[in-house]
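Multiple structures are listed underneath, in structure tokens.
Shared between the two complexes below is subunit A, which has subunit B as its partner in the first and subunit C in the second.
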Partner chain A sequence: MDLLAQILINGILLGGLYAVMALGLALVWGVLNIVNLAHGAFIMLGAYVSWHLYTYAHIDPFLGLPITAVVMFVLGYALQRGLLNLVVRAPMFNTLLITFGLEVVLTYLAQLAFSADFRTINPSYAGDSIQFGAIVLPLARLMAFGVAIVLTVAMWLFLLHTRLGRAIRATAQNLVAARLYGVEPRHLYAVTFGIGIGLAGAAGGLYGTVSQINPYIGATLTAKSFAIAIIGGLDNPLGVIVGGLFLGIVESLTALYIGPTFADVASFGVLVLVLIVRPSGLLGKTA
Partner chain B sequence: MPNTMILKRNTRSLSLLAAAAALLMSAGSAMAKDIVFGASVQLTGPVANTGRYYRDAYELAIDKINAAGGIKVGNEKQKIVLKLYDNQSDVNLSVRQYTQLVSQDKVNFLLGPFASNFALADSAVSEKYRIPMVQGGGASDQIFSRKFKYIFGTLAPASNYFGSTIDMMKGLNPAPKSVALLYADDAFDVSVAEGTRPKLKEAGLNVAMDERYSTNATDFNSLLSQIRSKNIEAVLVAGHETEILNFVRQAKSLAVAPKMYSFTVGVPSEDFRKALGKDADYAFGMTAWLPSADQKDRWFGDAAQFAAAYKAKFNYEPDYHAASGAADVEALAQAIEDAGTTDPAKVRDALAKVKFESLYGTIAFAANGQIDLPQTVIQVQGDQLEAIYGIHGAIKPPKYPMPAWNAR
Partner chain C sequence: MKALQIPAVLIALIVLAAVPWFGSDVLVQFGINALLLAVLAQGWNIIGGYTGYASFGNSVFYGLGSYGVGIAMVQWELPFAVGLAFGVVLSVAFAILLGIPVLRLKGHYFAIATLALAQVMTAIVSNVKIAGQNIGLVLPPLNNDLLFYELALGLLVVATLTIYWLSRSRFGFGLIAIRENEEGAAVMGVNTTLYKVLAFALSGVFSALAGGIHAYWVTFIDPESAFDISLNVKMIIMAVFGGPGTVFGPIIGALSLSAISEFLSSEITSIAGLFFGVVVVAAVVLMPRGLADMLRRFRTTGWRYFAENIKATRL
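Presenting the complex of A and B:
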């Protein structure tokens, strides 16, 4: 019983991390209709930004998250204005190609710049835990989970209640109508993409604190984020939290009852099931 | 005016042509004298971290042999040239590159890639074209169980990686009451598990967990929670460095501290220990090679001098991967001298018979083509990497049992 409770908690905490990784991907996908295959590469870059802040400027990885997010926002804004804007109205296939290319370029640039050495962001409390009887809560994961919840709720409130957020939603729903109301789409797209990449960067900082960083972590993180975005649905950020938690719990239980080698089979199996049963996601509007 | 333009362009293209021809001729004349070793190695991609050991070791060993005049073939000395491709950590690409190396680049001999799954696929090329491949990156027993004649390996058999560790465990006090065997689902790690299982049984150790996990897994919380709930005292993990980094970090964050844990990779590598920092303490591992001055070598003097030269040139410490890679170059050089020719079939026969002392140990291949070297148990103690247990028994007492994480 203790074991099951522990596994469920592991799954929930893992799910929080998953959710924050997928948040940016879902936003960009939902508003710009770009499936950003370079999303994992941006998580990787964010992890390196946090690692540099921690290693050379001794800035705590959690306190440094806003800096990482801003740096990545600027990068995202510039990339959207300079590169992705060229294909924003092109067919889906072109955007897939360009983001795939971006992924390859960023990964290899990262190896040139940072080498293939393994890095970890390892502050003194990274391995600490809180114990409740037989249950152990890893501190860093708990904090990452907290950040995930805060970011998701903040995103949700931002999209619902701010002028900019409403403009983003309006653009996603009806571009022509939004323009008639004075929305400038080029700037807005770049801001949205920047926010998405900023969120990816923050996720990278968290990831580096609980896991390890090398230039090649991106591809699997993109795949995972993609699955979570589909499972949760693109309509609102809360769907991503649900998708992340669901996936985290499924993977943890699979590792316990069926075997850890099948964790990926389970998560992508769930993805297929969701696509069949609820194509717009667990929290998505049914068609 | 237009005429002079054409003339100008013509002279330029003519001079270019002449230069190209000269280049080709010089390359051609070099080819006739030099012996070309071809290899495809992971310089980029997820396993670039270990792939670089092979590129660097090949370069260093070839430079050293060339500096000594080259390889003596019959009565004349010939230099070695390395033809190296980056396979981007992609098995399919590496097979294509080895095919290109033998069919288009016409290299004389092949050196190996890193990792068992690569060597497993690439050795099919050397076998098909009957060009000997000496590889120091694949340890899986599968590579050598197919009766191939042109593949030779300088990594000790995967099935025996934990052999010396289990010998050591028998003498631990108090002996671990239960053991967990965890392994990734690739060729190398499955071979390790298959070899380790009967050895654990033979040693009378109780295997309470035997779990296969997916390669590149990042989350070990479920496995670690089971380790705690089943009160496992010794954990043996066969996996990749990224997985083991995550395993150790997550063990700490879940406060899981068995009496000992040992890993097939990572512990001997400086970069790995650096990434873990203090948390690397107490981790066991194994290596078939230590940079000892007792290990004499014809070209480098001894293993310690090899390690020093390597560190000076590449600015990081070599581990057994690098030594194994250098041994591959030396094994080919030795076999070519023994055969007195660069005929692939004759060099292949010479390789099968080769026996010499090197920086890596005694190089000699069993009938299946694989070397047999004992693994020395090593442990991180403080910030030092210590040899603990070898073929002649204990070298230095292990730090055992491992204390709880909050008692360090």
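Presenting the complex of A and C:
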């Protein structure tokens, strides 16, 4: 029983991190209709930004998150404005390809710049944990979980209640109508992509505190982010939390009861099943 | 134009077939790789180019073909041809069993579901005992590059003839109709489910054969390399770079990109991989309909061709 509870807790803590990883992907997908295959590569870059801040400037990874997010926002804004805006009206397949090309470029550049070695962000409290009876809560993971939930809820409130958030939602619903109401789409698309990439960067910073990073982690993280975005649906950022927690718990249970090598089978198996049974996501509206 | 085309293709074919007799070993080995990639690009062309379903699961067929040969030759000690047939059977079974539910999905969803299937297959094969788990299988070596080269070329010819047939048959028109407007095709009496599954399976047969030949040639397979998703992306890039939905586009794309990438990796190793990414990004922006379309239209429009492509898709 204690073991099961511990596994569930591990799954939930992992799930919070998964949620924030998928958040940016779901936003870009929902608003710009671009499935960003380079999303995982941006998470990886965010992790490296955090790692450099921590290693060379000795900035705590959690306090450094806003810097990481801003750096990644600028990168995302520039990429959308200079490159992706040129192809947003192309068939879906072309945007898929161009983001894949970006993922290859980013991975290679990261490998050239940062080498293929594994890196970890290890603040002094990395090994600490809180004990509740027989259940252990690792401090870094708990903090990452907390930040992830705060970010996701903040994103939800931002989309719901701010002027910019409303403009983003309006654009997602109807670009022409949004334009008539004074939304400048080139700028708004770039801001949205920038926010998505900024969130990916923050997710990367969190990821770096709980796991090892190298230039090749991107592809798997992209695939997982997809799974979560699809399970949760694209309508609502809170759906991403459900998707993340679901995937985290499924993976932890599979690793325990079936075997760690099957954890990925479970997550992608769930993804395929959800797609076939409910293409609009577990929480999404039925068409 | 049409009258010149057939002799030109035949001459190109004869030159290609003669390469092992006058070319160096390095050239022949490069040729085997490039020809197999061209087969993969042609295989993807059937489901992606003609039917309009962006499959990221063709590397699964490639992997099943590799493992068909590997398991038959190593575990059951059967001849190579039986292994190839076994791989094809596995692929067709996969295409039918998973194609029926997955081909109901459209657009991004289909692409992602097939991407996920590819990940699942890697993980499953790494846990299957008969497939050597994650260690892989070592096949009996056969040092006969000439044979592998001609096999790969023969397979490419068969694949291209199949696509030529597609471009002028009722079945092929049905696939194009599905690509252009699936509901419309269904209304016109195309059995869309059957057509899509057949196209998926046909595309899988060529990928599996290429995988089988490659496995016997390199004599070693493991789950990571056999089900490598970046291979799937390569075949898409080659097909799209050359011109998806055309008979010769994918071959031109595969051979030209292989040649450039080979040249770069011998000159400047570290940026060879980077090159692929940059080519993809540039190709999508500047020539989204492929090299074949560019060559056709460049003569009349000149440099404006690129500007017009950007204008057509920018925000």
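Throughout what follows, the second predicted complex is superposed on the first by the 287 of 287 C-alpha atoms of A that agree within 3 Å, B and C clash if a C-alpha of one lies under 4 Å from a C-alpha of the other, contacts with A are read in each partner's own complex, and residues count from 1 in each chain.
The working rule: a contact is a pair of C-beta atoms (placed from the backbone, for glycine too) under 8 Å apart; a residue touches a chain by one contact, two chains touch by 3 or more.
All values reported here derive from a predicted model rather than from experimental measurement.
On the shared subunit subunit A, the superposed partners subunit B and subunit C overlap sterically. When both complexes are overlaid on chain A, the residue A:120 reaches subunit B alone and has no touch with subunit C.
Once chain A of one complex is fitted onto chain A of the other, the partner contacts of A:202 are absent, as it touches neither subunit B nor subunit C. Contact with subunit B, but none with subunit C, is seen for A:138 once the two complexes are overlaid on the shared chain.
Residue contacts after overlaying the shared chain place A:108 against subunit B and subunit C alike. Applying the stated contact rule after C-alpha superposition, one finds that A:94 touches subunit C and leaves subunit B untouched. In the superposition on chain A, A:230 makes contact with subunit C only, not with subunit B.
With both structures placed on the common chain, the touch criterion links A:264 to subunit B and to subunit C.
After superposition on chain A, the subunit C segment that clashes with subunit B is 22-30; the remaining candidates among 4-12, 22-30 or 184-192 show no clashing C-alpha atoms. Overlap of the subunit B and subunit C contact sets on subunit A: residues 108, 259, 261-262, 264. Every residue of subunit A that touches subunit B in the complex is listed here, in rising order: 2-3, 6-7, 10, 13-14, 108, 111, 116-120, 122, 126-129, 131, 136, 138-141, 210-212, 214, 216, 220, 251-252, 255-256, 259-264.
Against subunit C, the residues of subunit A that register as touching in their complex are 29, 35, 83, 85-98, 100-105, 108-109, 112, 185-186, 189, 219, 223, 226-227, 230, 259, 261-262, 264-265, 268-269, 271-272, 275-276, 279. Contacts from subunit C toward subunit A in the complex involve residues 48, 54, 101-102, 104-105, 107-109, 111-113, 115-117, 119-120, 123-124, 126-127, 134, 229, 233, 236-237, 240, 270-271, 273-274, 276-281, 284-285, 288, 310, 312-315.
On the subunit B side of its complex with subunit A, the touching residues are 44-46, 48-49, 52, 89, 185, 211-214, 216-223, 225-226, 228-229, 241-242, 245-246, 249-250, 252-255, 271-272, 274-277, 279, 405.
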